[in-house]
Amino acid sequence: MSDLAWGLEMTVVGMGVVFALLLLLMGVLILTARLDSPDKPAADEPEPPQATPAPLATTPVPATEPAVEILTAGLTVQQATAVALAVITHAEVRRQQAAPAMRTHAPGSQIHTSRWVSVGRGAQNQSWNRR
Amino acid sequence: MNVAMESTIDLLLRGVTNVTWQSVVMLAVGCLLIWLAIAKEYEPLLLLPIGAGCLLTNLPLSPLVGEDGMLTVLRHAGVDNELFPLLIFIGIGCMTDFGPLLEMPKMVLLGAAGQFGIFLTLVLAVLLGFSHNEAASIGIIGAIDGPTSIYVSRQLAPQLLAPITVAAYSYMSLVPIIMPPIMRALTTQKERQIRMPYSSRVISKRTRILFPIVVTLLVGILVPFATPLVGMLMFGNLMRESGVVERLTGASSNEIANTVTLFLGLAIGSTMVGTSFLKWSTLMILVLGLVAFCLDTAAGVLFGKLMNVLSGGKFNPLIGAAGISAFPMAARVVQKEAAREDFENFILMHAMGANAAGQVASTVAGGVLLALMGAA
Amino acid sequence: MSDLAWGLEMTVVGMGVVFALLLLLMGVLILTARLDSPDKPAADEPEPPQATPAPLATTPVPATEPAVEILTAGLTVQQATAVALAVITHAEVRRQQAAPAMRTHAPGSQIHTSRWVSVGRGAQNQSWNRR
Amino acid sequence: MNVAMESTIDLLLRGVTNVTWQSVVMLAVGCLLIWLAIAKEYEPLLLLPIGAGCLLTNLPLSPLVGEDGMLTVLRHAGVDNELFPLLIFIGIGCMTDFGPLLEMPKMVLLGAAGQFGIFLTLVLAVLLGFSHNEAASIGIIGAIDGPTSIYVSRQLAPQLLAPITVAAYSYMSLVPIIMPPIMRALTTQKERQIRMPYSSRVISKRTRILFPIVVTLLVGILVPFATPLVGMLMFGNLMRESGVVERLTGASSNEIANTVTLFLGLAIGSTMVGTSFLKWSTLMILVLGLVAFCLDTAAGVLFGKLMNVLSGGKFNPLIGAAGISAFPMAARVVQKEAAREDFENFILMHAMGANAAGQVASTVAGGVLLALMGAA
Amino acid sequence: MSDLAWGLEMTVVGMGVVFALLLLLMGVLILTARLDSPDKPAADEPEPPQATPAPLATTPVPATEPAVEILTAGLTVQQATAVALAVITHAEVRRQQAAPAMRTHAPGSQIHTSRWVSVGRGAQNQSWNRR
Amino acid sequence: MNVAMESTIDLLLRGVTNVTWQSVVMLAVGCLLIWLAIAKEYEPLLLLPIGAGCLLTNLPLSPLVGEDGMLTVLRHAGVDNELFPLLIFIGIGCMTDFGPLLEMPKMVLLGAAGQFGIFLTLVLAVLLGFSHNEAASIGIIGAIDGPTSIYVSRQLAPQLLAPITVAAYSYMSLVPIIMPPIMRALTTQKERQIRMPYSSRVISKRTRILFPIVVTLLVGILVPFATPLVGMLMFGNLMRESGVVERLTGASSNEIANTVTLFLGLAIGSTMVGTSFLKWSTLMILVLGLVAFCLDTAAGVLFGKLMNVLSGGKFNPLIGAAGISAFPMAARVVQKEAAREDFENFILMHAMGANAAGQVASTVAGGVLLALMGAA
């Protein structure tokens, strides 16, 4: 029965420790929530970063919003989707070109980056054949 | 013809003459894993390479598992030093959104409850005659988390790595099949119909960034053995939430994760050598793993019922089942069961919170287990 | 001349073994073909999986098929191509987003996947900012 | 100035004083390879890194090939244990469609015929005074398959790895230049104009998935030495046809293949050290490699003619030339030659079948060669 | 003061060597420029290779050039952009599909490649389901 | 309870009891680096992994830095043999356009001038009591080039690798903050307003391809110690300009660069162990690194003024500041300063030329430093 005893001891101690740790974590999370919510309602995050081009999924939707209506007048939803996708993909391509590894932040990052750096780097990273 | 000729023919036939019954059985097992991966789509990303690795290892005289063989090289490179599972954890961290958990911190407890199965299975295993280290390794299947299982069993009982990994990944993929009956058996219809309000709260970016750092420091200081698992999971999540290292997040969750998954699968498969795999213990491990899974689910649901009682009937106990870490399949199954009783009942976000907690709790439980075994 | 003898022996044995093996393989292939064709004409494979978005190449073609004609009425072939491409690319992006490594099959897989999982995972893998 | 100063200047000039005639010649060879890669586009993905590796290795006192030098590290990491060529084989498997071969199983034989050059060159090499192992390594250039050549020659004659690899990849890229004259010389216009019906057959997904598994088991049991080559090629193809592991297929044929190609090229280049490369034998290897290539093509065409006779004039012998494994360039050249005589003659699919067979046959022949050499 | 002496010696020798080397490099560059410009004005490079799909950035521009005007008649700039992008992306996809690793040059390469190979390989790399 | 129980509790608390003041400080340093990376966006691609590596290393009893710990494995795999910085150099070469430099060869000299800070800092460091090797390592921060700093200091003074790397990357990201005041202090408004004609010249593809080869041969023969740094930078550039290996260029500048950056950061972070990092010397290195940076900028501007005098007032001295290698940020800052005085003044292309020269000059200076230290 020593094995059973050992097993039960492990169970009690193990689950005890796991619960204790996660209770502690819960406490910290609740504390964080308290500290965070009042003083910063949402100003910290005007437009949350999107690591992936997920919003593509919703591109057909803007076609029904008035502001975009003007642009998309005379286009079918499919056409509007194509245009929106093209523009977003284009932006994605540009931002990736503009991001040399090892050099500061991904410059096309829609929150933080100055357009200047972005375009400058993008241009620098291709051959100068315009001239 | 001459002697050289005869020895040549001998050598050409050496493959055939070295086929053993074990290798034939293991070739069949490899094919079975490949079939499960392709036809049944049970975690194909890992089971297909494992099955192929098993095949290639058990072909007679396979040079792939010789001293400089490719599969041996891969095993040394990333399994023996636990590099591969930890790299995969970075990728999982990059892909996991802890938002629902941050919104509902009390869900953390459900993650803890989902680890009961680990220890109960440990008890069963030790009673069945496994050594303490082996029992603990078998119990970790109950974490229902592949990389954790590999990490822990590599340290406690490397000789059981193959069956434990196969069991862990197989059962992870069986979530939608195994869980529902248990959930239904342990809850009443009325309980399953409980609706829960979902008061969404905006989680600030600051909180999202602080979360992985705090968890790493907290767990790392209290359970040093859990540092690698929790640290890498949270490092991945920190990169994700920071929003400034998109290149690294992308590499971790794509190139690195894919490459490592491929290599890990092949390397794990190469540990499935007939003579050591085809033992009574392997079968017991598979059964015990299934038991662990069921116990986990049951413990989660029962804990959910306890929370329901404590909250005065406002907590849907199904959510408890999401406390295991098979993320995000468990949460989906919970939602499906709830919607089965009441089509408009939407408890997915709560389940997601519990599920993310299960992910953290699994790594913590893995670390605690290692700590306790180091002590024993 | 022992070298020549060795070389010729190698040639005979080597090519003999290679031919023997490949003959065996041919036999197996023919057998497989026999076993496979009669009982399963093509039902096993209603729409074969396409690992790459190769069919893009043929997207202008559907524009001339009646079923698609309705959709593409009033569009040039180029426009139709753009739309088709946009939709396909979009689907590709979605399916890739929806596929967390290490977690079962690629969920956007057009054959096997339930839409439910796909969208659920895709959504789970991005920040919950809708609320 | 003072002594330290003088020794400083000595040290600064140590590079110049260590330039040898061999290193100068090798620098020229490196530049030649780079020129071939860029200006002539001869397999640039491999010849450019090889050329650069050659340059960087033969610069005086190059730290890159010192004990912890980067090129040495890469060589140990993937060439000495044959990891890199095998990883590339996974990628090739992911990108190869065996459909045309599955539709026309008899094409398999053409793949076998395309390996004759290996053994005939072996005979020539041994008559020229090369040792048996060296002769076999030189013969393998006749497989017209880069990774196979690297894999086999690494085991049989590592000292010849550099010239053999360079020869293999150079000649692979010369397919469109070397093959046509041989094909025209050995066939009549009438033969080249033979049209072949193409009765396409739907290959079920099941067959496509079974094919790589069956080939692995068959070849793996009969020729254990071929297990790594065939196994990895077929593992890649299994992943491709399974359709459930797109992430792994993508990683294998893109990230892993590209990275490994880069590293492999640099590492191969680093074996081109002047003192060991600049030998009479290197020149002979280059010539013998060319001979092997021509013999392969000729044997393929002649076998095609045999099949034409056996089929009563219904088989276009040009297709035989596609039995070498340079995939899919050889098939393209065959179609081009056929279309040159009769613009509407479309035998590409038949040639593709023979070409895919050549790919498999090359790995089998490599394994057989290793088996035979193990015997001798 | 031996340390200072050593440091200054290092500075003098080090910067001397660096300057000497870079002067030499400058000489070589000037020489190259001399040798290169007269005999080959620009014929060597009819259209410089573009490793990245950077020209996407300028795709709206062609819409104003007469040669393309015909194609884009009746399209808004956005539509033209979408179409142009789609075509370019499509070409990029095709060329990447057409480039099996380890096999000669990237076949879609817009300068060097025959269309034949490109399409042939692209087709070869997908399942033969058309038949 | 029993003894085992007590020792279990001891073991569970061993993490807490092993917290030292050094580890607490280093945890704070790790958090500081993460904060700088996220909130200030100081080179987050490297500082975030370094910070995380620092955290994970200094957690009590961290298994990640044990013998087979993941961070140790990564350090052995790529830092101890300098593989990672060299791989990153391939990627940088793939992304650098030397066109502006080829158009204006005299800009090369500005790159040389931008390395003065290395040696002046070396003098300061040696006067402050650092050993010769250490002083040279500290001086290399003045190259303002991360991989070069890692490469050189790994060889000369591995014990200072951590602070030197942190300093190098921190200051690289401070380019837009540190440089402008120095530039303004050393130039007159009139000088800053000098406009420069930009007579663009078409650089033939041949020249673009010859450039990396010629630089490699030239530098490699004259300064063998610089072969790895220059060789890899130029190899990347050769692949870029060749236009025939897009797959390799893509892999080098994306997958490989991202993966290596992640691993390098974690590995560097793991060298920041409290007991060896928390020394007086670390603080001095940080200060000296800043001094080196300022001296570099000043030397560049002063050299620019010299060129202005020599050219009769036609050279904008601001361009001299772009001779440091922080590419392409330095050139951008120069353009910004010029535009501040005269909105229509466009000297970006000249600055880019100087900046690219600085990149080459940094690697040359690193090699010269290694050569001189080998001599001393």
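Order of writing sets the chain letters: A, B, C, D, E and F. Residues in each chain are counted from 1.
In this text, a contact is a pair of C-beta atoms (placed from the backbone, for glycine too) under 8 Å apart; a residue touches a chain by one contact, two chains touch by 3 or more.
Predicted model, so just to flag it, every value in this text is computed and none were measured.
Novice: Based on CA centres, what chain would you say lies at the far end from subunit C?
Specialist: Between subunit C and every other chain, the largest centroid distance is to F.
Novice: Count the residue numbers both subunit B and subunit D use at their shared interface, divide by all numbers used there, and answer same if that is over half, different if under half.
Specialist: Different: when the shared numbers are divided by all numbers used, the fraction is under half.
Novice: By mean C-alpha position, what chain is farthest away from subunit B?
Specialist: Farthest by centroid: E.
Novice: Between subunit A and subunit B, tell me the centre distance in angstrom, where each centre is the average of that chain's C-alpha atoms.
Specialist: Roughly 26 Å separates the two chain centres.
Novice: Using mean C-alpha positions as chain centres, tell me how far subunit D is from subunit F in Å, no decimals.
Specialist: 40
Novice: For subunit B, what residues touch not just one other chain but two or more?
Specialist: Correct list: 4, 8, 12, 41, 44-45, 202, 222-223, 243-245, 247, 250, 254-255, 258, 261, 368, 372, 376.
Novice: Show the residues in subunit E shared as contacts by 2 or more other chains, in ascending order.
Specialist: Those would be 13, 17, 48-49, 51, 79, 82, 85-86, 89, 101, 105-106, 112, 125-127, 129.
Novice: Give the list of subunit D residues in touch with subunit C in this complex.
Specialist: My answer: residues 101-102, 105-106, 108-109, 111-112, 115-116, 118-120, 122-123, 126-127, 132, 135-136, 201-207, 210-211, 214-215, 218-219, 222-223, 240, 243-247, 249, 357, 360-361, 364-365, 368-369, 372, 376.
Novice: Which subunit F residues qualify as touching subunit D in the complex?
Specialist: Listed in rising order, the residues of subunit F that touch subunit D are 80-83, 86, 209, 213, 216-217, 220-225, 227-228, 231-232, 235, 238-239, 242-245, 247-248, 250-252, 255-256, 368, 371-372, 374-376.
Novice: Looking at the complex, which residues from subunit B come into contact with subunit D?
Specialist: 4, 7-8, 10-12, 14-16, 18-19, 27, 31, 34, 37-38, 41, 44-45, 48-49, 52, 55-56, 59-64, 68-70, 73-74, 254-255, 258-259, 261-262
Novice: Help me check something: in the complex, which residues belonging to subunit E touch subunit F?
Specialist: Those residues of subunit E that touch subunit F are 3-4, 6-8, 10-11, 13-15, 17-19, 21-26, 28-30, 32-33, 36-37, 40-42, 44-45, 48-49, 51, 99, 101, 105-106, 109, 111-112.
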